[in-house]
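Got a structure for you, questions after.
First chain written, first letter: the chains are A, B, C and D, and each begins at residue 1.
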C-alpha cells in the first residue's frame, strides 16, 4: 500500500510532463491549447525564453518528483530505524549554488529581451537622421471597447483630419509599428497573444507598445486588466496586411471616415 | 456519516432542478400609465383584456425560446423583415458553443443589459448611464433617417459593429456578419413586438370593446403563414395580403409597422457634398469655421444646451423620451419620489437628467465621421431634446457647424494633463 | 486523564529581552505605526513629485502660516519634555509633582490640537477642503473651472430668488444678489464668450488665467497683472461710456422719430380718411403726397425698429460692461481678489490644490487622531496615583507620546517648509 | 526568571458558558474559534469558486444554487455578478480562510504550547483580535446583499475601477464595505502579530533557546513580523481609497476620467501609487500565507519520517531570507503595470533571489524524507502532497519572474495556476495535514485515518485535475477574470478543457464532505488518545490532550532541539524536547 502512495507522487511529474508535451504537439483533444504562433519579430525572444525556462523547470520537475517518490519507496512502515542525520553543509551549499547559478544566468540572459520589448523603442532613419519611430495609431481604451485613432493625411494627432475606427486596427507587415496607448477611464491592458505584446494602460499616462508583425492575418486584441463588468467583452481585431494592401486599406478608410458625403456601408 | 448521503441527494436535486423557461414581461409601466391617464383614477384594465393581449402576443410572436413573427415566409429575405433562421439563432438559451451552430446570441451578448423582453432593464441596466435602449418604444437615436422613421438595416448593423462610444454598448465587430444580422433581426422583432403591445394597450384604453379580433390560436397563425407563403409563391405583389378579416390586429397594428420598416430605406436623409472650402488646407476654411462658430451661438442655438464653452452645461435638467413617456405624460414631478418609485417598481428606469454632450471630449455616440455629425445636426436625435435643424440651417451652415464642432476637442484647453511616457527616450 | 481539572502550575520563562512585556509590545506596536506613517509619507512624496513641474502651491496660496506650524512643533516638543519629567517624578514616588507635569503635558497636547483646529478652520474658510462637494479648489484655469463658477453662481442666485418669493430680501442679500449677477454677466459669461470667440490658444489661456486671477489671485503682489486689470478696467469703462453716449444718441433719435411719426400719422390719417370717403376724392397731387407719406412712414417705422433693437442691444452691452467694470473695480479694490471683496465664496483655482489639500489633511489628520488618542489615554491615566508602581504606565504613554512628537517633527518641515 | 508582571497578570474572566466558550481569553478556545470560523468561511469561498467554474464551463446557462439565490435574467447570471464571484472568492479565501487559519487558528493553538507557555502574553488582546474579525465578517458578508451583489473590482481593488462608482456600477456600497472590512482584518492582524511576537520573545520555557524552536514557531514568528510591518502600509492605502470613495478626494485618480458618462474633474492622483502600496503588503502577504504552512510541514515531515529535520539552521535562515527579500520584491506584480521598466529589472533580480531560499527549503525537505522511516499517516501524505504541489507552484513562478516571459503570461491563467498551486496545493493541503496532525491535541480524539486517506487521495488527484490544466490555458493566453472568453476566436477551443476542470472542481468540492464528516464525527466518536499519539518530540505533545487551563501540568524544561528522532543513543525513535514527569 505504501508503495502505491510513492507511485501516486511519481505520477505527478510523469503525467504533468506528458500533458505539457501533448499540448505542445497539439494532439487531440488538446489542439490549439499551447502558445499561439508568434508573428512578432520582437516576440521570438519571449518564446525562446519561455521554452528555455520550460526545459530547465521541466528537468527539475521530473528530477525532484522522482527523488520525492524514491525517498518514500523503501519505506515499509516502522520496521526500520531512520538515519540520524542533522544536515550536510556541502550538500546544502551545492543545492543552493546550482539554482543560484541558473537563476543568475537567466536574469542576465533575459535583460536584452526586456529592453527590446519595453525600453528601446524602434528607431528609423529619416533624411540620414536617426529618430524614434512615431506612433502610427493612438489606441484609446475605454469601458468596454478599443478606439483606434489614425493621424489622418497630415500624420499628426489632435488635428481635424484624425479619424477613428472602433474594434479593428490595421497595420502593415514587416514594419516596426508603434502604438500610443491611453485610457479614458480605468486601467486596461493591451494584449495581443499572437504578438506577445502586453502593456497595462494607466489613465493619465501615455505609453507606447511596439512590434513588427511578420505574417499577414487577423489577430485578436484582448484586455487583460480587470476593467469592470464588461471586461470579458473588450476585444478587437488587429489585422496585419501586406504593405500594398495596407496602403489601399488606409486610403479607403481615410476616404470613408472623413467622408464628405454619404457612405454607410461597413 | 449517515447524513452525508441525504446531503448529497439534496445537493444533486438543487443542481439538477431546472428553472422554468424565461418569458416576455408585460409592459407594466404602460399599463399603469394608461390606467392613470386614459381610464381615469379608479379604473383598471380588466384581467381578461390583458390576458387577451398576452395570448395574442404569444400566438403572434412566440416566446423567448421559440420566437415567431406574423406572416413569416420561410427562407425569403426579400419579403420578410426578419427571417426565421435569424430569429432562431438569436433566441433561446446560449448553446452555440456545444454544436458549433450559433444559438442564443441575444442571451449571450445582449440580455444582461437590454433584458429578455427588450425593455432595457436587464440586471446590469440599472447601473449604466445612459440606460440601455428600451426597444419597445420603437425609437432609435443614431440613424440616417428623419425623426419618426425607423432606422435602416444598415444603421442597426453599424451600431452593432461600432458600438456606441462613451456608453456601455460595445462593438460586436468580431462576430461574423451572419450573427450580426441575426441580432439586428431580433432587435426589429423585439421592437415590433413591443410597439404592438403598446398599441393594443392604447386601443383598449380608449375603447374597452374594440372592433379588433384578437386571434389567440396558434393553428390560425400557422394557417395564415401558409396562406401568405402560397400568395407569395403565386407571385402576389403585396407581401402581406389581408388574411384575418377586415378588423384584424395583425393587419391593423403589426403590418403597418412592418411597412414602415420596409420603407425606411426610401426616406434616408441625403447628405450633400461638403463645401470644398471646408476641406483641410483650404485658404477660406477658417472663415467658414468662423461661420460655424457664429451659428453655434446664434441661429443654431446650440449654445442653449451645449453651453458657451461647449461643455454640455447649458441646460442640464431635461429628460429623454423614455422617461418623459410616463413621467411627463402623467405630470409627475421628479421630486415626487413615491410616485416615481411606484413606476420604478413596475420596471421603469429611475429618471435621470439627460446631459447634453460635452463637445470638448471628442467622442460622439452616433459616430465621429463628419457625415455622422451632419446627420445628428440635420435630423436631431430621436428621443432626446436635440432638435432637427430642419429649415433654419442650410446644408452649408450644417457643414460649417460640423467643422467647428470637430475642431473643439483639438483646442489645447480641451486636453487633460498626461504623464509623459518613460520609454520616449532618445535612441542610443 | 480529565485534563480540565488538573492542577494549575505557575510556569516560569526565559525572556530574551530584559524589559517588561508591555513595553516590548508597545515598541512593536510603535514599529507598526512607523510603517503606517511611512506609507502615508511615501504616498505624499510620490503624489507631490507627480504633479506637473512647478505646480505645487506655495504656503501662502493655501493659507499655510509657517510660524504657527513652528510654534506647534515647539508646543509638542515641550510636551515631550514634561511627560519625561512626569515619569521621573513618578519614579521617585512624588505623586503630586508627577500629576502636575502630567496635567501640563495634557494641556500642551490640547493646545496643539487647538492650534491645529484653528489652522483647519482658516483653510475651510477659503474653501480648502479635502472633500469634493465642499472643496472649492480647481487645479487648472480651464473651461471646466469657468463652468463650475458659472453653475455655482447660478445656484446661489436661484437660492436667493427662491427666498425673494417668500420674504423681502434683506439689504445684505440684495447686495449679494447684485454681486452674483455682476459675476454672472461680468465674469463668467464674459470669459466664456471671450474664450469661445478667441482663436489663439495663448489668448484663450490668458483669458482663463485672468478669470482665475480676478476671483482669487495666486500672487496678489503681481504688479503686472494689476496694471493689466487697471488698463482693462479703464478700457471697459471707456467703451461703456461710448455705449452710453451712443445710447443717448439713439434715444434722442428714437424720440425724434416718434415725434415725426406723430405729425406724419396725422397727415396720413387725414388723407386716408379722405381717400376712404370717396373714390375720386384725392387729387393727383394729393395721391402723390399720400404715396410719399406712406413710404416715409414705412421708412420711419423701419428705422424705429432698428433703433429700438440697437437700443436694447446697447442696454445689454451697457449692463455687461457695467458688470465687468464692477467686477474689475471690486477686484482692484481688494488685495485678494473678488472672493475677498464680495465674500461670494466662488470656486478658486490653485495649481495642484486638490492634491495638496488631500495630502495635507490626510497627514495632519492622521497625526491629529494619534494626538487625540494620546490625550484620551492621558485622561484615562489621570485619576490614578502616579507612584512608582504605576511608572510603567507613564513610561509607555510617554513612549507613545514621543513617537507622536517624532512624527510631527517629520511632518512639519515636509508640509510647511519644502 | 520571571518578571514581576507575570505574577501580577491577573486573570479576569466572565463566568459561565459565555466566558468559557465565547468571550474566552484562553488561547486554545480562541484558536478553536478561529478554526471553526475559517472552516465555515472556507465553505462559502469554495462555493464561490465553484460558481466561477460553472460559468466558465457552461457560460450564461442557469447557474445552480447561485442562480436561484440571486435571481437573474433568463436564469443566467450577469457579468457584474461574475466579477463579484471571483472578487469575493479571493477576498474570502485570503483574508478569512488562509491567513486567519494559519495565523489565527494554528498560531493561537501552537505558539504557547510549543514554547511551553501557559497562554499568550496578552490574553485580552488575543481575544480582541478574534472578535475584531467579526466586524470584518459582517461587513464583507453584508456586501453580498447590497444592490449589485458585491464588490467587483477584484481582490486587488485597483483604482480607478475601485474608486469611481460610475466605473464599477453596482459595487457602490459594497466596495466601501469591503474596504472597511479589510481595515478591520488589518487591525485584528496587527493585534495578533504584536501579541505573537511578544509571546515568542518573552515567554519561552527554560532551555527553549531560539535555535531550539520548532520550525512552526519560527515561521509563525517571521509571519508575525511580516504582518506587523507590511500591513500598516496597506491600511494607509485603504484609508486613502476609502477617502477617495467617500470624501471625493483624488489620491488615486488622475485628471479627466470619463467613466460611464460622468466626468470627474479633480485629479492629480496616481493609480499606480495604490498598486505599490497594495503589493508592498500583498506580496509579503503571499509569504504570510505560505510560511506557517512550511513550518508546520517541516514538523510533520520530520515526525513521520522519524528523522531529524535536514539542516535546521539553513531552514531557519531561509525563512528569514524569504521574509526579508519579501519586502523588496513587490514590484514583480507590476512588471507591465506601466511602472518604469528599469525598476522592473531591479525587481526581477530580487525576485530571482527569492527562489534561492525556497529551493533550499524544498531540497532540505526531500533530504529529510531520504533514508527516513516514513510512516504513511494522513498528515504525512498531505505534507508530501504540499511538497509535490509546492514544487510545481515554485517552478511556475520562475516563468513570471523572467520579465520578458511575464509580458506574455501576466494576468493569464498561468498566474492563476501558479498561485493556486501555491495557495491551494500548498497552503490548503498543509492546513488539512495540520488539522489531521494536531486534531488529537486539540480535541483529545483521533480523526479516522481511513477516511483521511480516502480524502487525501481524492483531494490530491482532483486538485491536480482542476489546477494543472490552467498552465495550458495560460500558455494559450487565456486572460484571468473573463466571464466568457469563448467569443474570442483564440480562446474558443478552451471550452472542453474548462469543462473537465469544472467537473473536477465540483468533485473536489464534494470530496471535502468526507473531511467535514470525519472532522465532525471524530469530535464525538473518534478514538481517545493520550498525550503523544504520534510519538512526536515537540513540547505540545508533553501537555495533556486536550490541554487544560494553563496548558502544562508540570514545569517544562527544554533540554534539546525539536527534531531528535531516531537518535542511536535512545531506546525509542524519539526524544521529546522536555521529559514529562511520570503522571
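In this section, contacts are C-beta pairs under 8 Å (C-beta built on N, C-alpha and C of every residue); 3 or more make two chains touch, one makes a residue touch a chain.
The model shown is predicted, which means the values in this text are computed figures rather than measured ones.
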Any chains in contact with both subunit A and subunit C? B, D
Give me the two chains with the most inter-chain contact pairs. A-D
Averaging C-alpha coordinates per chain, one finds the centres of subunit A and subunit D separated by a number of Å equal to 30
For subunit C versus subunit D, what separation do you get between their C-alpha means, in angstrom? 48
Separation of subunit A from subunit B, taking each centre as the mean of its C-alpha atoms, in whole Å: 39
So what's the Cα centroid distance for subunit B and subunit C, whole Å? 44
Hunt down the residues of subunit A that sit against at least two other chains at once, touch-wise. 118-119, 142-143, 184, 204-205, 207, 220, 229-230, 233, 235
Please set out, as single numbers or ranges, the residues of subunit B touching at least two other chains. 109, 124, 166, 168, 174, 416-417, 419, 423
Quick check on subunit D: which residues sit in contact with 2+ other chains? 78-80, 169-170, 254-256, 258, 260, 267, 270, 341, 484, 487-489
What are all the chain pairs that meet the touch criterion? A-B, A-D, B-C, B-D, C-D
Along subunit C, where are the residues that touch subunit D in the complex? 1, 3-17, 20-22, 24-25, 28-29, 31-33, 35-40, 42-43, 46-47, 50-51, 130-133, 135, 137-140, 144, 148, 352, 354-355, 358-359, 362, 366
So in the complex, the part of subunit B that touches subunit D is made up of which residues? 1, 4, 7-8, 11, 14-15, 17-19, 22, 64, 93-94, 97, 104, 107-109, 111-112, 115-116, 122-124, 126-130, 166-168, 174-175, 355, 358, 361, 416-417, 419, 422-423
Report the residues of subunit B in contact with subunit C in the complex, numbered from low to high. 286, 293, 297, 307-311, 313, 360, 411-414, 417, 419
In the complex, go through subunit B and note every residue touching subunit A. 109, 124, 144, 152, 154-155, 157-158, 161-163, 165-166, 168, 170-174, 270-274, 279-280, 363, 368-371, 403, 406-407, 409-410, 415-421, 423-428
Listed in rising order, the residues of subunit C that touch subunit B in the complex are 50, 52, 140, 142-144, 146-147, 150-151, 189, 192-193, 195-197, 199, 201, 204-205, 208
